[in-house]
Amino acid sequence: MKRYLPWIALIAAASIPLWLHDPYILNAFITTGIFIIAAMSLNLLLGYTGQLNLGQVAFFGIGAYTSALVSLGFDVELIGGIRVVHEPWPVWTGLLIGIVVSAFCGYIVGKLSFRVRGAYFVIVTISFAEVVRLVALNWVELTQGPLALTSIPPVTLGLPGLGYYDFFSKQSYFYLVLGVLAISYIIISRLVNSRTGRAMVALKENESLAVSVGIDVTSYLVLAAVVSAGIAGAAGGLYAHYLKIIDPDVFLFLYTVTMVIMVVTGGKGTLAGPVVGGLIFGFIPVFSRSFVGPELQWIIYGVFMIVIVFVLPEGIVPAIEKWFASKDKSRMPESTQAQVQDAS
Amino acid sequence: MSVASVAKAQPALSIEHVAVHFGGLIAISDMTFTVNEGEVVSLIGPNGAGKTTAFNIVTGFLRPTKGTVHYRGAPLTDLKPHEVASRGLVRTFQRTSVFQSVNVFENVMIGLHRRGRSRLWDTLLALPREKASERELRTRASEILAMVGIEHRARDLAGSLAYGDQRLLGVAMALAADPSMLLLDEPVSGMNATETARFMELLARLRGLGMTILLVEHDMPMVMGVSDRIVVLNYGRIIAEGPPAAIQGNPEVIRAYLGEGVKKRARGS
Amino acid sequence: MTDKKKFLTVFAAAAMLSASFATQGFAQTIKIGVNEPLTGPFAASGTYVVNGAKIAADEINAKGGVLGKKIELVIEDNKSNPTEAAAVAEKLITNDKVPVIMGAWGSSLTLAVMPKLLEYKVPMIVETSSSGKITTSGNPFIFRISPPSSVEAHAFKDILPKLHIKKADFLVINNDWGRGAAEDFGKVLKANGVQVGYVETMDQAAQDMSAQLSKMKSSDADTIMVTTAVEQLTLVLKQAAALGIKKQIVTTGGSQNPDQLIDQAGAAANGTYHLTTFAPWFPDNTPDPKATNYFLGEWKKRGFNFAGATESFRGYDGIRTIVAGIEKAGKAEPAAIAAAMWDVNFTGLNGKIKFEKQGPAGKESGQSIPNVYLIKIENGKIELPKL
Amino acid sequence: MTEFLQHIVNMLILGSTYALLGIGLTLIFGIMRVVNFAHGELYAFGAYFVYFVSILLGLNFFLSILVAIVAGCLLGALIEVVLLRPMRGADIDTTMLIMIGAMIVMQNGEQYIWGGVAKSVNTPFPQAPLVIGSVSVSWLSVFVFFASLALIAASYLLINRTKLGKAMRATFQDRDTASLMGVNIQMIYMATFALGSSLAAAAGALLGPVYVISPQMGNIASLKAFAIVILGGLGSIGGATIGGFMLAFAEEIGAGYISSGYRDAMGFLIIIAVLLFKPTGLFARAERIG
């Protein structure tokens, strides 16, 4: 039964635009969906390898900027008078290149920053995101700096001569986001349910023990960082083409915090965690907006976060699983293993 | 028993003039010994004598300040731990020997990492090779669990096992990594007499398979029972080396080590 | 089973929520959306603008409203965040069914809202943002009453000879506003034979500008042009005084809030010049003294800090502009209001509000050209300098 | 040369306050393994408290600073007992999340209470700067510089010369052993968090009057404090002091001679450079194996 749940959820989600005609709520689903994808990417690192990357938003932003710039074109003079001119390309190539560039940055950052662990790793990743933000802010020629990249075209699929399909309407964009979310989910679930995933869990649990059985820890960390950055980049690309404007504020620490909250409250190291946490924290502002003043909305957000961590330190999904397990009286292992077993 | 191994007498692991300094502290001053193919050698000595440090040197967790380590003729000194493991040298740990919050079966599956054949693309695209490889690993994992005798606990969290079973699982994981030589760090600490006896049987079976074994252990009856040779460390240097009988009678060993009373480690500590 | 239940719960909640919004749609009043930053870095300014808007709404309602109906402001916080600004626009348009919006303070916030305006064809009065892109990107639903820096710089041309500047350094906030000001004022200065020296930026959140100022202290420029909001400006003036900088300081951008400067920077503010679009200190010199006095009186009566008036007047004028548009349109429908905006012509607190066409032909945005004043702070008092 | 001297003087003043900010964070980080995201909010708390006490209640300026430091200490102790003590033993990202939650609540609480408009505090110092040759500096900054140095010295003495400090150092070295030796770990944690918080509040109380006081002032303070801790190393007062001056130096020189846009990037670039060239040397903690 359990293995069909994601499909049921997917079908349920796919039906949303059919009965939900409120564009504002649909808009909330789309932006929440984008942040769920980003949170899933963070979960791959945090939940499965145990590395907390608080600079995840850098990859999100790099994906957003790359995709936007590829589809808008740019004209930049590099050091030494080399001029790089890029004519606009179709948007879908922008999205793909955004993913690749993000993944590549993930590789570089992974190579460098996995030399340190724990709190140092956390601060190093924050520093990275800050540097990227400041580059986006100050390299005006490329990024327009604080003037923002505007008029970013909507996502269009197709090839010259074969016709195009554009994702301009909210409904179609919802399905695009849902599709990317499903693909990311599949990638992550296959990865963590494989030998690779076991290696990641091993190094999260006990790094020395993992290397002693011949697991090359660094290469798996870097692999996780690459996949994670690529998925975050995809989310960033979707964000840029949905909002149609990006400025260096996409690198704000707040966005990373949003992702972390979604992952940790939902349940890190579970596939469903970021989805559940994402829906909750994506919709808290939507609900609280109609009841309380602006500052109080934030205060509720913060208090709710603390309460969830206090009451359910492992997250909502593991707690629900445990509750069902105890109700069934049958022994059910912890979430991580539960998923690993799904593959069997 | 010792006659058989002497007949082989092919050095597998050789440690030459290894010294380890931590800042001003000398953990090992000068250590030289070899372990032959198929031999069971025990490294003993009082606490702080440098046994675990020696293990860390051999398995790449520490770099020696001086000296070299070779396995089957190839130098190990500059290898990373996982590279050492892929040369066939696999160790167990004294304290944290298993992945606590993962179940027993998955622990062994993690141990089987090196034997997996699937590549990243196989995994992501769910290609047949992925499935085949996984099936193979699962079969192998069951076999290994049966071999160490904890197959009935396969679905339990490793952290929920009794201490003795955790040690067995640690060995199972090490075996899963396909070693030609095992380095066991106090494998029977925390085991009761029955468990220890069972473990000694397991060791005997492993040596029957031609496995080379280096053992650090405090349990003297066991050391005396299973070892072909014993190396005694004290204050970072070797003070005696030889077959169990010779060590038992060595006055320096008695003074340095046995003299303070044969300490069995408190069980379950 | 678990996942299914979770999803069902969420969907049920979402459905309930959308139903609750749907019941609000009866139009006894004319709704006007207000999309402003009430939390986050721009909270102070956004709150001022909203307070100004409320004064306008109350004034209009006290006089009987527009088209026989009262107006109702639907105020939403965009959290100083572009994503939220877009989401808020979506909510205002689709849930609250507002036919017109005022917003969204910062340029990036406004730019994020603009695609939504195109999507739903709802006009927006831009009360504060200064980025040139807002009116030049071909969005016919944009009507701006604040001056972009090019307008300000253009007006500065006439004042320039009297300030006797030979060479100027720029110190600007590192965002669209500051960078835009440095560029536009730089052009005007150069065109009028004034040299431009350093162009230094300061991060939006930066509190210590000593490094930039030390560099300027030893430059040969005689004037420092500063563009930033009042908090940072206070720091710039204090730190410049601490460094013993005796150069002429001219600030631009209209968010200087001179009273707050005098209050918080003290003597450091003396001798500084400020380009501003509203002069509440001299109500009789403003284009519509009666309106100015009424507005200032209300502002005071409600217990707001006088210093906020230089920000809040934009909210006041924004709502008045919208109501003028609704009146001209004769009905509270987006398309009619957008069309009628071109006919709006009245005197706001900072000059004539009448939209000129800007941007690509056929889809021009509206830009109103306000007055620009130069004021000077002298001995803790604000003066209109005799130049 | 004139410009350079001025930059150096600026650097010394800025560095002393950065150091103060960094020390509090590094102690909490080193001893408790808590990444305190609310550090900047305690800094803002100190600033608002001075505003409240000196402007609204009319207390003497210097006394206000002292009161703010004490208030920061109490608030820190409260946070520790209410938010951190129940989560003892949780992993580092769990406590970090709690502190992020606390940060969100505190920052918006400040805005709720005080509004978004920046506040400023008048001081008894003369407005005319102190001028020595070509270098000029405000009297308030001179006071802040010496007050910071005094507080740094006081913390140093507290850690190195008192019984409490000894227990803190023991806890930093090895919590379990310290506990076995009779150190009351709960008490030490509370004291550490209270001390760290009071130092942050002190930095805010000193800098609030120099700058302006706004709800967002904590964000940048947190970010800088993190950079300082990375530069200076774990749990080391000396390290944080040096880190503070290093960061100030990099920023001054970066803004003065490279590009002011990248001024705030300098600290982060140094961190990345340190990582590249000395990945383990400056600050790695040896993992115990086995």
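In this document, chain identifiers A, B, C and D correspond to the written order of the chains, with residue numbering beginning at 1 in each.
By definition in this document, contacts are C-beta pairs under 8 Å (C-beta built on N, C-alpha and C of every residue); 3 or more make two chains touch, one makes a residue touch a chain.
Bear in mind the structure is a predicted one, so any value in this text is a computation, not a measurement.
For the pairs A-B and A-C, the larger set of C-beta contacts lies at A-C. Centrality by C-alpha centroid: the chain sitting nearest the overall protein C-alpha mean is A.
Taking the mean Cα position of each chain as its centre, B sits at the greatest distance from chain A.
In whole angstrom, the spacing between the mean C-alpha positions of chain B and chain D is 48.
Rounded to a whole number, the gap between the C-alpha centres of chain A and chain B is 42 angstrom. As a whole-number value, the distance joining the C-alpha centres of chain B and chain C reads 72 Å.
We define each chain's centre as the mean of its Cα atoms; on that basis chain A and chain C are separated by 34 Å. Chain D has residues 108, 111, 219, 261, 264, 289-290 in contact with two or more other chains.
Multi-chain contact residues of chain B (touching two or more other chains) are listed as 61, 93, 96. Counting partners per residue, chain A has 137-138, 208, 293, 295, 298 as the residues that reach two or more other chains. Partner chain A is touched in their complex by these residues of chain B: 59, 61, 80-83, 85-86, 90-93, 96-103, 106, 109-111, 113-114, 116, 118, 120, 123-124, 126, 130, 133-134, 137-138, 155, 157, 173-174, 176-177.
Residue ranges on chain D touching chain A, taken from their complex, read 29, 33, 35, 83, 86-87, 90, 92-94, 96-98, 100-105, 107-109, 111-112, 219, 223, 226-227, 229-230, 259, 261-262, 264-265, 267-269, 271-272, 275-276, 279-280, 283-284, 287, 289-290. Listed in rising order, the residues of chain A touching chain C in the complex are 1, 5-6, 8-9, 12-13, 16, 19-25, 27-29, 31, 137-138, 140, 145-148, 150-151, 239, 243-247, 249, 252, 254, 272, 276, 279-280, 283, 285-287, 289-290, 293-295, 297-298, 317, 320-321, 324. Of all the residues in chain D, the ones that touch chain C in their complex are 2-3, 6-7, 10, 14, 108, 111, 115-118, 120, 122, 127-129, 131, 136-138, 140-141, 207, 211-212, 214-217, 219-220, 251-252, 254-256, 260-261, 263-264. Of all residues in chain A, those touching chain D in their complex are 46, 52, 112-113, 115-116, 118-120, 122-124, 126-128, 130-131, 134-135, 137-138, 207-208, 253, 257, 260-261, 264, 293, 295-296, 298-299, 301-303, 305-306, 309-310, 313.
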